[in-house]
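There are two complexes below, and they share subunit A, which is joined by subunit B in the first and by subunit C in the second.
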Partner chain A sequence: MISQQIVNGFMLGGVYVMIAVAFTLAIGVLNFLNFSIPGIFMIAGMVSWAALRGGQHWPIAFGIALAASAAVGVAVYLLTYRPSSDSDPEVPLVSSLGFLVLLENLIILWLGSDQQSFPALIVDFNWRFGSIIIGGAQLLSLVLSLAFVIALSLSLRFTNLGRQVRAIAENRRTATILGVNVGSVVSRLFVLSALFTGIGGILFAISYLQVSSSMGESIGFKGISAMIIGGMGNIWGAVAGGLLIGLVEILSTQFLGADFVNISVYGLLLALLIAKPEGLFGPVAAREKL
Partner chain B sequence: MSELILKAESLSACYGRVEALSDVSLQVARGEIVTVVGANGAGKSTLLQSILGAVSPKAGKLTFAGQDITRWPIYRRIEEGLVLVPEGRRILVSMTIEENLLLGAHMRRDKIAVRREIGGIYDRFPNLAQRRNHNASCLSGGEQQMLALGRALLAKPQLLMMDEPSLGLSPLFVQRLFELIQAYNREGLSILLIEQNTANALRIAHRATVLELGRVALEGDAASVAGSTGLQEAYLGGTSREVMEVDHKRKSVGRRS
Partner chain C sequence: MSGYQTGIIVLLALNTIAAYGVYLPMSAGQLNLGIAGFMAIGAYAAAYLTNACGWPPSAAIGAGGATAAILAFAVAMPMLRTQGIYLSLATFALGQVISAIFLNLDIVGGAAGYPVATHIEASVVVSAATLVVSLVWLMSTTRLTVYFAAVKNDPLVADLLGLNVKALGVAALTVGAGIAGVGGALYAHYFNYIEAQYFGVMLSTYTVLYVLLGGTQSVWGPLVGAAIFTLVPEALRSSSQWRYAIFALFIIVFMALRPQGLLTRGLSRQRTQARAQSGSTNS
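Then we have the complex of A and B:
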């Protein structure tokens, strides 16, 4: 019984993984809390839904949704981050929050504010391992999320672009003096972070079969919490934070009741921040980021 | 004089609101070691930062390898081979030694040649080779300077600029460093060296420029500059009227033609 709940918790946590990693990329490299990320998550879900409703095949629908996510990521870079790169870090934070509100209202104007049911694209199937039942769509999305994070982690470690990103994360000025084209790398980072978010939004829609103009908000805040728990700038910490939040949610629904979910999640965040302010896995003080 | 690799004409630049450079001209010919010396705050670092593009000069013109680079961004200058070994080394301590070297070559597409050159650097610096996959924070100051030098060489410099490379090094490493600079120069590398260690810098350089309060106080053959009284004046002077007059006369000793 409890093992079933733990499995369910990890499946739910898989939803937070992608968005937590997207936040982590922006914080870890740019020291920028990019509040437009929940909006991009929602855009990906809603645009996929609209394209599917319009009769597109799912690969095309998801392609359109990811293109829209990337385009919004570029717009956020050009309109919020770049113009204020010389000012206080709070300025892009506030303007990206403005972007979130803008995106939600544009979607409400276009597609309405109702919750929409997302078509089931994967045949509904469950796996049984003894007494444990695992939903196919949830498992697929957890596995895909982890695969994308592994790919990201490997490319940061072993590719030329990855080394440039890590150089910027450690010391932007040093990276500039060594000839890294910081503007170009940062704009690509925005696209990457938006794509991670967009994939997260699509996986959420596939697994939970519902989308709405406000779907990014609660998940976005839990993604931020997961990032903080993981140590603000540590990718695998963000993954662990996401899974932990999913686990706490399910267990507290089971044992304390649904009303306690947010109390448990944010109570845990608060307790962790008091006990271990650097996050569970974050030796960020040692400057070993990402 | 053989072909010029770098020509800075009448550079003026501010550091904050203070004018840190005024009307400074400097030339480096291919194959030369040119050193810029001067007291603290004389504008040496600002001059280097202006040539690199990290500080944008208020006035003046920069020509590098025959191209006007005055308005180029830093990364383009480095792609073209105008490479800096920065003050304080600026090693990335979250990366391994090998990753630091690879980062130096990040703009290059000839991966095989990069691998070969990294091997060459390991041959020259066995200390780096042994710990190639260790975090760069494990290196001593001297070893970090070798790493910073190797990293800059991997960017394929046409002109290598070095900002206070001997700062904070043990005497043994200082000696090693100056030998290395000469060795790389003999292999054909042009070098612009900024140093507080004036005696050593003047010993290995072909030509020297003495900066004082952001202006060129003296320039010429390194040997003549080393022997001139103007050098002492520039160092001891600071703001005294006498030195200002020397400065206005712009002594030029033993200039090569």
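Then we have the complex of A and C:
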């Protein structure tokens, strides 16, 4: 029974992994807490639902959704990140919160605020290992999430763009002097982070079969918690944080009741922020600036 | 005055109070993303006191604000170990926990919401808002504002100059929470019904957004921000979704073009200088 719950927790945690990695990418490299990410997550889910309802085949629907996510990422870069390079630290944070509010209300105006059921694209199947049952769609989305994270981690380490990104994260001015085109790399990073979020939103829709205009708030904010728990700027920390949040959520549903989920998750976040603000796997010195 | 106009003025008063609850900590460099949690504490504490203990509303509202301030004071020391973005996230987490606790607290109705028996008139809300604005304005004429600004701009230098940075931070967070608590208590007694879901993260977000829209450099910034947020959409007679969408767009454009907010210290300084210069030529 308990092992079944732990498996369920990891499956749920897989949802938070993608969004936590997207957050950690923005904060680790750009030192920017991008609050538009929950909005992009929701855009990907809702746009793919709308495209599927409109009769599109699923690859086209997902392509449209990812294009919309990337477009929002570019808009956030142009309107939020770039103008605020030398202003107060709370300005980009507030502006990206503005994007979250804007995206949510535009989607409500377009598609309404009701929860919508997402069509099942994968045949419903379950695997049994002894007494443990694993949902096929959930397992697929967890595996895909981890695969994307591994691909990201490898490309950060071995590709040219990855090296440039790491150079900017290390020291932006030195990177500029050494010939890295910071503007172009940063804009591509925004697109990459938005695509990651978008894929997360689509995987959530596929495995939980429901989307709504407010899905970004509940899941996106838990993604932020996962990112902090793992340590800001640490990709594998974000993965571990996501799985841990999923586990805490499922276990507190099981033993305390569904209404206690937010108390446990955000209580854990609060306790960790106070006791160990650098996160479980973060660097020792905490960043002081926003 | 028609009921519609009264409704708008009450909304403006409540938004203004919440805005000053965000403004005070922000003037000391704390971006509080959990202000709705403190409003919830004020609202529920005051509502419980009038409903179950039979307190008069004015005393209960004061007690609601005091409860929020006491809780903020209790958590301020551990919370202010974090700073910058970590502090914002800690206040965010605290707000979520508070709202989730009220959702589960059956003594105040839990998820079903909590009706409040005693009603207060609109005039009470408006005079409370006026009181809050005048108190914050009075505070801004003291040296405290300068101290807060020093802590905001550079805690290290402020510390070296002999300011008690920790105490100032705790004071800013506590007073801000107290104001928010009063705001929540007024909300509860004017609308006679509260539910935990209302005091969610979006309420905190909107409050922070209109404070920054007005600008944090001047003491009138939050008032202007709250007024724009409340009145402009009413003038446009738009639906609430369009209201928020337009408002959000406004925030994004505004932060890109004028990140310091609508009102700045420079504006009032320019005016004072102009007045001083014209005064000197006259004499």
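We adopt the following convention: the second predicted complex is superposed on the first by the 283 of 290 C-alpha atoms of A that agree within 3 Å, B and C clash if a C-alpha of one lies under 4 Å from a C-alpha of the other, contacts with A are read in each partner's own complex, and residues count from 1 in each chain.
Criterion: a residue touches a chain if its C-beta (ideal position, glycine included) is under 8 Å from a C-beta of that chain, and two chains touch if they have at least 3 such contacts.
In this text, all values refer to a predicted model and were calculated from it rather than measured experimentally.
Using the contact criterion defined above for the overlaid structures, shared-chain residue A:A167 touches subunit B, although it does not reach subunit C. In the superposed model, C is the one of subunit B and subunit C that contacts more residues of subunit A. In the superposed model, A:L109 makes contact with subunit C only, not with subunit B.
The intersection of subunit A residues touching subunit B with those touching subunit C, taken from the two complexes, comprises 286-289. Remark: subunit A residues 33, 79-80, 83-84, 87-95, 97-102, 104-106, 108-109, 217, 221, 224-225, 228, 259-263, 266-267, 269-270, 273-274, 277, 286-290 touch subunit C in the complex. Note for the complex: subunit C touches subunit A at residues 26, 31, 78-79, 81-86, 88-90, 92-94, 96-97, 99-101, 103-104, 111, 201-202, 205-206, 208-209, 212, 241-242, 244-245, 247-249, 251-253, 255-257, 259-260. On the subunit A side of its complex with subunit B, the touching residues are 160, 163-164, 166-167, 169-171, 174, 176-181, 286-289. On the subunit B side of its complex with subunit A, the touching residues are 52, 54, 73-75, 77-79, 83-84, 86, 90, 92-95, 99, 102-104, 106-107, 151, 155.
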